[in-house]
Structure formats: C-alpha cells, structure tokens
Amino acid sequence: MSTPFPTPSCWLAHRVSYGETDAMGVVYYANYLHLFERGRGELIRGLGFSYATVEERGIFLPVREANCRYLAPARYDEIIHIHTGLAAQSRASLSFVYEITNADQSAILTRGSTQHAVVNATGKPVRVPEWLQALFG
Amino acid sequence: MSTPFPTPSCWLAHRVSYGETDAMGVVYYANYLHLFERGRGELIRGLGFSYATVEERGIFLPVREANCRYLAPARYDEIIHIHTGLAAQSRASLSFVYEITNADQSAILTRGSTQHAVVNATGKPVRVPEWLQALFG
Amino acid sequence: MSTPFPTPSCWLAHRVSYGETDAMGVVYYANYLHLFERGRGELIRGLGFSYATVEERGIFLPVREANCRYLAPARYDEIIHIHTGLAAQSRASLSFVYEITNADQSAILTRGSTQHAVVNATGKPVRVPEWLQALFG
Amino acid sequence: MSTPFPTPSCWLAHRVSYGETDAMGVVYYANYLHLFERGRGELIRGLGFSYATVEERGIFLPVREANCRYLAPARYDEIIHIHTGLAAQSRASLSFVYEITNADQSAILTRGSTQHAVVNATGKPVRVPEWLQALFG
C-alpha cells in the first residue's frame, strides 16, 4: 500500500451472491477475475465510454495476463468494493490493477492485475487508437 | 402480465458483465438462475433479514425446482432489472417468481420461478419457522 | 421413470469440480443447466455432427425454456452421469430431456428439460433444415 | 518450454462447453482457473488420494496466488488438454503449474500457476502433514 494507487481509478460496490461461493463457504477464486472485469468495465464507463462502444468501433481488449493474490476471503451477502486503476498504457497494450476490499474498506481481500492486448476484429494487434488513448488521458 | 405480480416483491438492477455472456453474444441461459438468486436474496433482505441470517438460524432453503422462459436476450453492458415476488408459502416450502426486464422496463426478457424446500442443517425438511413466516407476512 | 426415456439418447460422465459447488457444499443449482448443455452437445455430436457445425451452417438453437427438478445433491469430486434424450422435434423447435444420476446410476439427482427455437444468424425463426431433421431421424 | 515440466504431473482432457465461452466467441479468461482446479484435482487423485479426502482429514488448500498467461484462445467444442505439475512444496505451502494445450497438443493456449496455503478447518496455517508430503513424494 506504500505505492499510490494509479489514476484514473474508480470504485464499484458488489454484493456477493450464493452462486459465487464454493464449498469452503467463500468466494471461489476464479470469480475474482469476473469482479476485476466488472471493475475495469466501470472504469472505462466512467471515462465517458463503454467497453461495448470500444468493441463497436472494432477494437477488442483480450486479456493477455492475469494475476491475483488472495489475502482474505469474502463470504455470501457481504458487500465488497472493487478498486480499479489504469496502471500502464503502451502502444499496443493496457494494464489495470485491482484491489478488492471488505464492506467498510478497512481490509484488502484480494489484489490483482490484468494486461490486455489491443486487437482488431480479426484478432490482429493494432496500435491503441487515439480516441482510446485520449480516454485514458 | 394479466395476473398481478405477487407481493411482497422487489426490484434489483443488474449490469450485464462480459463473463455472463456466451459465444452467441448474449447472457448464457444458466446465468439467469444466478440473477434469480440475487433477486430473492434482495427480497428477503428488504424484509429486514438476510438469507445469511436464515442460515445462521439453522434453516436452509435449497431449490427443489426452477423454471425459466427466455423471451428476449440481454447483452453485455446492459442494465437489466430483476423483479422478484413471493408466490406462495406452505408449511414446508416457499415459491418465488421472477421477471427480468430491459433497461427501461419496457420489455420482459425472461420469466421464471423457483420452489424451495425448508430444511435444517442436516437437510431434513422442517416446518417454516414462525419468524420466517412472519417475515413474509 | 415409468415413461421410457426418449431416443436418440446418450450418456456423458462428468466429474464435479470445486468451482461448481456453493457454500451449502453441493453443486449450485444453475450449474445443472451447464451440464444439460454438455449433455445435448454430446447427443448432437454422437449423431455425427457437432453443434459447432450447426452454427457454421448458420443455424442457432437458443434456449426458449428450461426446467429443472432437484431431487438430491451432488458433491465435489463425485462422478455424475448426464442422460440426454431428444424429446420432440417440430417445424421450428427442438426439445431435450435430461436426467443426472449419481456415480453408479442408482439414483436420479436432477431431472430437466429444455426447449429450443431454431433461428438463423439474425435471430429469425426458421424451419428445422432437412439435414438437421435427418440428424435426429 | 526450455525448463522441464515438473513432476509429479498429469494430463486431463476437457471439452469446451458453450457456457464457458463469452461474447468474443472464446473461453472467458476466468474459466481457465476452473480448468486449473480440475487439473490439480486430477493430479492429487492420480497420486492415490482425492482432494475431498484431504478435506475430510481436516486439511484445506486455499489458493493464495494465481497467475495466468493467455497465449491463444480456445473455442466451443474443442478438446483441450490440461497439463498440471507440482512445482514446489514447502513447510506450509504447495505450488502447481499448468499448461493448457489445443486438441493435438501442438500449441500451448495458456500457462499458469497457483500457490496454496495449507490450513486447518479454522483457516489457521499448519505444516504440510506427513501423509500429504508423502503423497507428493
């Protein structure tokens, strides 16, 4: 937590559903990647766009790498908070970082990151278009 | 829509994530059962309780039957609305009905229902406890 | 079980993963619809085709209705068996029925059915093509 | 691929279902963590045990960290292969590595790793029990 969280960033609240838990009684580890996706969707949306619009313009951001550290579990019915930031932007890729906290944001439950390629509809890598660069400032 | 929607009832908004879609570009059919679960969780919560508390009191409501009719698809990034109502309550079971609508609630996308047993921690059917009956009025 | 299971039919074995369970320690109810999909995929495949090929030919079979009765739970690591049959075929729809059994097939855990429209790539209902009719004979 | 894959290791075939795909037409990135879990379950099982038995003995292996690199997509109906190896074993943790290949194992689609704590039923870290150490040789 010594390094400042990158900006632009956003928070998104999420209620843990029963279907997200597993037999250990906690959120199954793969489901945090779903939450990261919700987080970065919210971040893009908050910048005035939607990832749906990105795709309509023929640009796709498939995940090339994902990492997650599980520090503490989340349980059914808890409100958790997804903190998402744009970590880096290069010519052909974007990176996001994530922290998921408990209800009162006093504890970090998971930390993660994703790296995304920027490709066209045929899956070919392309430069980050100017409108997308501008979006992230 | 000619029959009135049962009460108590509630509405819950839900943003469609990418992970909920499938290769047809629409929400995968199984995921509506996740949404129904979110809906009935919200209904119980709105009555002053949480299903987590129900389980803490030793009562579980496993699904015995689920039905869903798919009228129109939902797509990534759409806000959809989950309308949930308590349909029936007998000595040993509870039933909920659901309607999921599009963003402006002008069209019903799916309709469904679930029927639940009322069991104790060992899975044995029990009568609906008074405090649970009272909850649903 | 008094009515004979419809033909053509097939069996598919499935190992329950941890990610399919929920906090009750059993397979989450929505996941059975995933298993039904695996079952009907296997049925179509066994008839000499794959649903992937069906889509390549411009025909899609979106689910219009799904029903499931939960008779007994399945747990982590269990081998369960998905029995799928073609229940009915009309000009513009197909129906499948399903039974999921425990490891030694001595008990039925869930029973279900799905009804599918037959549509083209734009989502418009079309007649079941002859090659698809022939498939199900 | 220059470093040899660690042993003990195992292979597990998996058919991609429709429910595992997303609107890009490929397996959704979070689902690979489900596949990794299937892989390590198979590895433990192949050593003469099941993770279910591990839990029955009061030992749990919650994931502390997961990493995944996505090299090429997997599509509906494809058979893919999950290669799992035990990467490291310390006093209080276990690590697995994974490679998922296409049908003929000519291309690696994803590479990943998971690190697990060894805890008792109350979630307290414990030493890897001897019988678990012996399992992994």
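Chains: A, B, C and D, in written order; residue numbering restarts at 1 for each.
Methods note: a residue touches a chain if its C-beta (ideal position, glycine included) is under 8 Å from a C-beta of that chain, and two chains touch if they have at least 3 such contacts.
From a predicted model like this one, the values you see are computed outputs, not experimental measurements.
Novice: If you apply the touch rule, which chains end up adjacent to both chain A and chain B?
Specialist: Per touch definition, common to chain A and chain B: C, D.
Novice: Taking CA centroids for every chain, report which one is farthest away from chain B.
Specialist: The most distant chain relative to chain B turns out to be D.
Novice: Can you give the whole-Å distance between the Cα centres of chain B and chain C?
Specialist: Once rounded, the distance between the two centres reads 23 Å.
Novice: Can you compute the centre-to-centre distance for chain C and chain D, using the mean CA position of each chain? Integer Å is fine.
Specialist: 27
Novice: Could you tell me the distance, in whole angstrom, between the mean C-alpha positions of chain B and chain D?
Specialist: About 33 Å, centre to centre.
Novice: What are the residue numbers in chain D that touch two or more other chains?
Specialist: Chain D, residues with two or more chain partners: 18-19, 26, 30, 33-34, 37, 75-76.
Novice: Residue numbers of chain C touching chain A in their complex, please.
Specialist: Checking each residue of chain C against chain A gives 18-19, 21-23, 25-26, 28, 30, 75-76.
Novice: Which part of chain D faces chain C closely enough to touch in the complex?
Specialist: Per the stated touch rule, the residues are 15, 17-19, 33-34, 37-38, 41, 45, 50-52, 75-77.
Novice: Quick check: in the complex, which residue numbers of chain D touch chain A?
Specialist: 24, 26, 29-31, 33-34, 37, 60, 62-70, 73
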